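Chain naming follows the written order as A, B, C and D, and within any one chain the residues start at number 1.
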Amino acid sequence: MPLTPEQLAEIEDLRATPRPTLRAVSEGAEAHLYRAHEVLDHGFVRVIDYMGNDAAIVQAARVSYGAGTKKVNDDSGLIRYLMRHWHSTPFEMCELKLHVKLPIFVARQWIRHRTANVNEYSARYSIMDREFYIPQPEHLAAQSTVNNQGRGAVLAGAEAARVLEILKSDAARSYDHYEEMLSQDGQQGLARELARMNLPANIYTQWYWKVDLHNLFHFLRLRADAHAQYEIRVYAEAIARVVADWVPVAFAAFEDYRMGGATLSGKAVAVLKRRLAGEVVGQEDSGMSKGEWREFTEVWG
Amino acid sequence: MPLTPEQLAEIEDLRATPRPTLRAVSEGAEAHLYRAHEVLDHGFVRVIDYMGNDAAIVQAARVSYGAGTKKVNDDSGLIRYLMRHWHSTPFEMCELKLHVKLPIFVARQWIRHRTANVNEYSARYSIMDREFYIPQPEHLAAQSTVNNQGRGAVLAGAEAARVLEILKSDAARSYDHYEEMLSQDGQQGLARELARMNLPANIYTQWYWKVDLHNLFHFLRLRADAHAQYEIRVYAEAIARVVADWVPVAFAAFEDYRMGGATLSGKAVAVLKRRLAGEVVGQEDSGMSKGEWREFTEVWG
Amino acid sequence: MPLTPEQLAEIEDLRATPRPTLRAVSEGAEAHLYRAHEVLDHGFVRVIDYMGNDAAIVQAARVSYGAGTKKVNDDSGLIRYLMRHWHSTPFEMCELKLHVKLPIFVARQWIRHRTANVNEYSARYSIMDREFYIPQPEHLAAQSTVNNQGRGAVLAGAEAARVLEILKSDAARSYDHYEEMLSQDGQQGLARELARMNLPANIYTQWYWKVDLHNLFHFLRLRADAHAQYEIRVYAEAIARVVADWVPVAFAAFEDYRMGGATLSGKAVAVLKRRLAGEVVGQEDSGMSKGEWREFTEVWG
Amino acid sequence: MPLTPEQLAEIEDLRATPRPTLRAVSEGAEAHLYRAHEVLDHGFVRVIDYMGNDAAIVQAARVSYGAGTKKVNDDSGLIRYLMRHWHSTPFEMCELKLHVKLPIFVARQWIRHRTANVNEYSARYSIMDREFYIPQPEHLAAQSTVNNQGRGAVLAGAEAARVLEILKSDAARSYDHYEEMLSQDGQQGLARELARMNLPANIYTQWYWKVDLHNLFHFLRLRADAHAQYEIRVYAEAIARVVADWVPVAFAAFEDYRMGGATLSGKAVAVLKRRLAGEVVGQEDSGMSKGEWREFTEVWG
């Protein structure tokens, strides 16, 4: 269980005393505030703050469309229109601040999304906790034989057991040594900024992460995708559930246009048009490479 | 007066119904919400939303400093420490969303600050209002004789009157022609995206502008500075008053370390040290150019 | 003609003396360096510098794929793969620096692309030139009746003549007054930072604009699109021709996957699949709004 | 030695064939191209490409200052003026692309500088090399007793020996296990994206890192500073030597105004002025906290 009784008490305390505000409020987001959504074995996602709601997207868009707007008189229709036509600035007017606990190898993927604000727990300043990500047996998968950056079948029992044993014992030993090097008991004690180098990439870190809704959708599109690594995808999915409650109309548009949609190359458009006209088209006369054709037929048969 | 009775009624309406929230609240910011602070002759700055307060800066910083923090046990001391040591990420955890009405030539300076979110009224989509910035006589200044990008003495009465007459009549004529070209009365009517090209740079536009506190401080340092053009400085000053109420501790640190402080070159440090040791130092033996020396002596005599 | 004999001489001078370099070279980009591609009546686009070429994209991608890469052994195939799977970082490893002369109303659209470096001619510091964009008669279009932010039929002759007369005379008068206010002949002379406010949005400005290839593709996708305003689209098209010579493989992939492709919502995917299965589907049973359906049928019939 | 004979041969090959270019050239940067500057025990910094030179900064600035510039007729003077007055955009017109090999714990600090382009070797796609950072004994320091995020005295011999033994043996064991888990010899072989989680933070990774000169100066100011962790500071220092050769005038201005300079709070300015007037001022009547006073007196006595 990732949360201590003290942390749970702190969360309850933060949730105990609503205060009046004149700002835009999202009931859906309020229900999430401070609560820890557990992810993996020791991780979590917590909403610390949010700015805006579905109406705030429309309000910002109306400035740019001003009094001239007549056609799109329905908020949902306008939000769908903005999403469909890649008008990103109104979505940037909403902001979400999360507290996330996550393994370092996940954090290293996550941080590649640069348009966000991050404040991470400092292992230079503080001592890391003894918490490591150890996968569940059903997530211990073999290297994919078709995708160089994916995973394939679940490992068989004996091999899985050996892997788990390695991960657990190496993590434990690394942390024991970390403490031993830091100790000032009968010795000087190594600087924290040096001792941390011995810790493996499955140790948990924490950060505050703040991002606007447009960039958050971009993150979700890449990281909640089936091709994302499982260990970051579960974070993206947990955040997606929060966003669905926070800005339900925008999230529905995102699901339709981004997550559930498809992007076609010019060649793919041509093939589909020929097929719609009744023609049978194969890879050889598609103009696509074998790789492209395989990806195309995964969607279109 | 920049606000219509309808707009004032809308503001009162937005302020009439506080709602409960569990988020961090800033009483100082709540008092500003939606109210229009008048700037120049038709402009304004309105707070539309905010995220965080002084405590939120400390809370974010504590993640990075974690349990190890012992020394800086006072929030104000920590905020001052962060500001002094250029730790920008905790300040990025606060966000402000403004509705601003401003002349286009001011907007063109403002937009050079790229790390912000902007949603501007679209003159492609909508018709611009007939509102132009006409300076007060005391702000009609001559070109500076010492600073290529500054202004000098106030214009004498007759010249000022001629300038005002030009600005007013050109603005009026441009707008009359704008309307005439747009008109569909007995003609096709020019597209809005083309007609707008006839409007001068002192016409007012509007936008939503959202920015984090770190980047807002950077904006204020440059634009509330005495060397900034008057017409953008008054916007920066209006925003600074909002920020002082929103995050008073952070703003006080900003005033001390950024606005009220000074930056010294290595050469300037050396000169000050020699002076403190009792030496008399002039430009020739300072290693500084004449321009640098003039700027140095403006501060240090 | 936008270029003076002095400017042409300067360009020839810059092109006269090749120097040896060990950096990656693009012959296609070298042929463009410093030459002014004329755009609109007084504008231009000039390549000032570039970094990288097609091979540099592959080289950067190989770092991330390292020694493990076996499958994609062809540079063109790898670049197409990267484009298809939205791997943007290798494209960010190329950079283009342009000198652009453009009307201010175009500059205001352009600057909304924030991930770029800009250094603009300062009307605070310098005096603007007397050059204004006056559209060709065939580009003087009426407001679109179906698209609030578009243009429709070309204006009829008499109306077009009136519009041209207004644009020309207002521009001339504004500039005369600008000079008159600046003049120090028998008067103090208004500060440049103030006088500029009288100039209309069709006056030309200039800037240096530097952008990486990924963000440049994003700019081109939006601004070389048929829905972009004509006056910015011609700049995007001029830049696109440069890019096609600079990084021909990457540009071909961009054309296929972005410019020539299509994005489908989940609902559109479902409709196409039903159609491919032989079903006749109309708007009512598509789940799409009328607007979405109109846009869908524009592509798919 | 970090470089293999194959890598050295590749570098020599890349340096063997200069090609003509019309672009701005920096002789100082050309001398560095592709060569590996060794950093730490297995790391390096290599210049892969650059854009611009000192003259390019001036050229970009002249666009914004245009024909009006009279005062600053000397390139060096202009560059110093731009640096002194925080005019950042001309410096953004230069760009540097580096290939860096560095320990992961250093990479995690480095990546906090978000305004840069990064393409990192993918441990999801490829197998990491068996290379770990093991500090030299003279860099094995104890935790600082006065600075929570710094290091103090060098560890005594026996303790240092124990630490080195731990770091070496844990690294070796982790890598052995990494290979064992990946192996497909008689087992399925764990996916690379999972196996990497067992590797410690002192393993070396590689990336391409591209940044503009303004943001590079910001990086150097923070990371070449005496308070930066030694293991990132040596990278910053290696890069600083490259920059000094690439843009010598801009680098000299940076050294004077940023690295060798000082930033004073309003309170510090007041204290210095009182001291210059002959007054003796102590912490109690300075208005500064004890921490601020200690930092102040470190510079000013």
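Everything below uses one rule, namely that a contact is a pair of C-beta atoms (placed from the backbone, for glycine too) under 8 Å apart; a residue touches a chain by one contact, two chains touch by 3 or more.
Predicted, not measured: the structure shown is a model, and the values here were computed from it.
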item	value
Co-neighbours of subunit B and subunit A - touch as defined	C, D
Pair joined by the larger number of C-beta contacts - A-C, A-D	A-D
Rounded Å distance, subunit A centre to subunit D centre (Cα mean)	29
Geometric centre distance via CA averages, subunit C-subunit A, whole Å	33
Shared-contact residues (touching 2 or more other chains) in subunit C	65, 68-69, 89, 112, 118, 122, 125, 148
Contact graph of the chains (line, ring, star, complete, other)	complete
Parts of subunit C lying in touch with subunit A, wherever the complex brings them together	65, 68-71, 77, 80-81, 84, 86, 89, 112, 148, 222, 255-257, 259-269, 272-273, 275-276, 289, 291-292, 295, 299-301
Footprint of subunit D on subunit C - complex, ascending	14-15, 17-25, 30, 33-34, 48-52, 56, 59-61, 63-69, 89-90, 92-93, 95, 97, 99, 117-122, 125-127, 206-208, 210, 212
Sites on subunit A touched by subunit D in the complex	103-105, 108, 111-112, 114-115, 118, 122, 124-125, 133, 135, 140-144, 148-153, 155-156, 159, 162-163, 166-167, 170, 173-174, 177, 180-182, 184, 187-194, 196-202, 229
